[in-house]
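Below: the structure, in structure tokens.
The chains carry the letters A, B and C, assigned in the order they are written, with residues numbered from 1 in each.
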Amino acid sequence: MTSLASTPPADIASYVPEPIAGDFLNKHIVTVGQFSRTDLEQLFAAASSLRTRVRQRDRGVGEIAAGTVMSLLFFESSTRTDLSFQAAMRRLGGEVVGVSNGIQFSSTYKGEDLHDTVRAAGCYADVITLRHPEAGASMLAAKYLDQLAEKIGRRPVVISAGDGIGEHPTQALLDLYTIFDLGGSLDGRAIAMVGDLKHGRTVHSLARLIHACAPSGTALNLISPDCLRMPPEIVELCRGADIAVLETDQIAAALASSDIIYWTRVQEERFADIASYDRIKDDFVMTPELLQTCLPNALLMHPLPRKHEMGTRDDHDLLDADPRSVYFQQMENGMFMRMALLAKVLRGAHV
Amino acid sequence: MTSLASTPPADIASYVPEPIAGDFLNKHIVTVGQFSRTDLEQLFAAASSLRTRVRQRDRGVGEIAAGTVMSLLFFESSTRTDLSFQAAMRRLGGEVVGVSNGIQFSSTYKGEDLHDTVRAAGCYADVITLRHPEAGASMLAAKYLDQLAEKIGRRPVVISAGDGIGEHPTQALLDLYTIFDLGGSLDGRAIAMVGDLKHGRTVHSLARLIHACAPSGTALNLISPDCLRMPPEIVELCRGADIAVLETDQIAAALASSDIIYWTRVQEERFADIASYDRIKDDFVMTPELLQTCLPNALLMHPLPRKHEMGTRDDHDLLDADPRSVYFQQMENGMFMRMALLAKVLRGAHV
Amino acid sequence: MTSLASTPPADIASYVPEPIAGDFLNKHIVTVGQFSRTDLEQLFAAASSLRTRVRQRDRGVGEIAAGTVMSLLFFESSTRTDLSFQAAMRRLGGEVVGVSNGIQFSSTYKGEDLHDTVRAAGCYADVITLRHPEAGASMLAAKYLDQLAEKIGRRPVVISAGDGIGEHPTQALLDLYTIFDLGGSLDGRAIAMVGDLKHGRTVHSLARLIHACAPSGTALNLISPDCLRMPPEIVELCRGADIAVLETDQIAAALASSDIIYWTRVQEERFADIASYDRIKDDFVMTPELLQTCLPNALLMHPLPRKHEMGTRDDHDLLDADPRSVYFQQMENGMFMRMALLAKVLRGAHV
């Protein structure tokens, strides 16, 4: 995929994705910046409705995307996102196509560029789910699909499934959906985000979506090592919307008052020296003991996969048994939210 | 997949899978020990019925699993098992999702454990087909899916597609189905198993299933090098059910009276020294000449893939042309048996 | 895949694929030599009809291949061909199965031969799409599927998706379809083929198909470096059908009178020495400037993927914007042509 290194960021800077503004039909989904509070409410209502219908084995669900095709373009692996998008499309009755031997082989082999690969997929499919290691790849894909439309008379759309250190908008959407779904509301709630808040794309996008909701009486407890704090522009953005932001490295104290706890990993390679990492590494681990100190009706979320930041395998088992741990419900919600998104993008349906 | 090496066998020892006992609905399928003779008869009748309906292009077959989703989790490749499960689910009208770039990449890349991966798949799917290089992985998956059920309010099930030196239950089921289907009955038949009977999981499982059928007048001719004999506990098990067991390394003599011949490979690396292997290696090869010495209505089976244990490529062609060779029918039966299993597990249907 | 090296070419030489002769039902598709002009006209009419019906969202299209299964056997990657065949089968309502982790792993791992793998797929599927790095693999597959039919009582068919330096018949079919579709006719047209005409399987097959159409007043402008000229037997074949053939290395002059321009790559490794390559390499690049010198209603085609033979990434963008560039329409046509082929092979339908 060395050929992709030649992609000039200039290509992307010029691309402005359309806001949803109440109408999802045939729109690329490449950034959380496209969503207003109303858009989110519509999307989440659709996700809950689809969940109910799936559980009731409503056969009409399988008609929603009938006759449409999704192409997977995963330039890197992501088990959960991949399976979740496929299951979402299939449950809607849509078709899914992907590259049999993995796309890495194909691209390395022939030195093919993203700009032609995405248009090839666009020739065969109505929607492309793109996962790519480079930031901006989704915007670039959107731009080239717009150009393709002039050739083939219809515009296939791209949905970002994560592009490098860029965005992973559907992860943020499912995270926020889970907060609304299991927490009831953002208003008056204290939301903790824990871990590497400097580099974590999921916490950045989630904070931006919370801001977009303009909630009332909401607090954000941003818990990180000092060198891994949330970027100041996001902090300022939230404060400008009357969200009470606390930045701290005192985990236990901040967790004690948090209704929602969003846990992420702190990676050793982000630290200037091993001593700095060693000083904090044991603190940024969620353990069964730490969870005991949290509010009895708190929600513990995690984007998964998890490693040492949730302790040992035995710790995992103990955490999983706690009713406050909702990361599996969060994972399942990912499928329902993606069903809602696909339904609205492909059919504009009021599902 | 180094992370999986940490799986303590203790996790599995404590898990007891449910016997089928006449009811397949929503049960994990992880060992041949779950099946009674009645269960097997029901399953095989369903397989034959589905085969007839597929050949008649009965459109109702495609309704049986409509609205359900199978997730493939293949941690190692297995062309036949993989394609066969997919074709089985699709022909029943069910949906199939899998990891686009192969799951090995994903796991290696992120160090994800089986226990979370299988629950991710469980969040999206109704049934998981698991292939894994480590023995006990299927039991472990069953245990964690049971735990997931407490979170998401429904229990996805796992069907083992082979776990290392552990079991490969659907292979044994399709083997036995083929014996019933093409051989008519186990009663009064002499069944030869040839090759490495010490390490071969397929012959172990098949012998256990034959025992579960409590046939009458059946003989087992166990033909192997002396150092690769069937484990004594399986031999005792069969003898305890009045099955006449002969253990021998005299291939031609034992084959001459065998109605069913189940051929497998003897691998060089199983021998203490090359001289021991060289002494027997040419004997444990099925050739067109050897097949000529067998009963005219014998059935020659093989789980495939095959290599030197069936001689050269030209030997393959000659063996294939012999009507006694039924390994391709055996392979096709694998799909129909898996259709029956999926139908019963997902719908409990009397198909 | 070292085991495949042992495939003796003798196996293939003896296999004669059936001509279509007006009836596609249940025939292997392995060479352009199977098609007459009438067959091509029927196929192209079906492709156009299916395209119209897909664009009108005609739900009947999804019934054409319902109840049938296609197995992908891609022994090497090919993003476009792979996605295109999958989308074609899915849009017809047929099912698609493939090897989860990529077939290369499986084969390398177990040393399995093509002759057994293709029959395994044949046991589960009605049609096999085979991509293989070795010439003749498709013929070999056809031969072994014919043998399988004697065992299982039905004959699955293979469609070649390219085998090494052998043929890639569906590429040639979609190329010719695009010439008819966008160019209207072959009669009286000048068709330029540019690049490595000695080794390029696409130009060989396309020239053979053009010959099969016995057009009137057609000219072939074969533009290549002198050392990479079209094989003389193909040149003679075309001349024998009253096609005016010009062989030249003067690109600009030959392009100036060409209605259809089929561009392909010249690879450095085909030259005896680097000096010979350096002497011609800049000439065999299609640039926006060169395209300006072509006829205003010329059609620029390319089988894709493309690299330096269409200049820089900025050149790509400029070429793409020119209405004469039809390689994306050509790519989309590939799906519709494959839909037509699958419909006719699986159902014999007058679609």
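We take it that a contact is a pair of C-beta atoms (placed from the backbone, for glycine too) under 8 Å apart; a residue touches a chain by one contact, two chains touch by 3 or more.
What you see is a predicted model, and the numbers here were worked out from it, not measured in a lab.
Of all residue numbers used where chain A meets chain B, under half belong to both copies. The two sides are thus made of different residues. Taking only C-alpha atoms, you rotate chain A by 120 degrees to land it on chain C; that is to the nearest 5. Chain centres here are Cα averages; for chain A and chain B they lie 39 Å apart. Residue numbers of chain C whose C-beta contacts span two or more other chains: 96, 98-99, 102-103. Across the complex, chain A is touched by residues 6, 66-67, 69, 71, 95-103, 105-107, 109-113, 115-117, 119-121, 123-125, 147-148, 151-152, 154 of chain B. Across the complex, chain B is touched by residues 55, 57, 59, 61-62, 72, 74, 76-80, 82-84, 86-87, 90-91, 96, 98-99, 102-104, 304-307, 313, 316, 320-321, 325-326, 328-329, 331-332, 334-335 of chain A.
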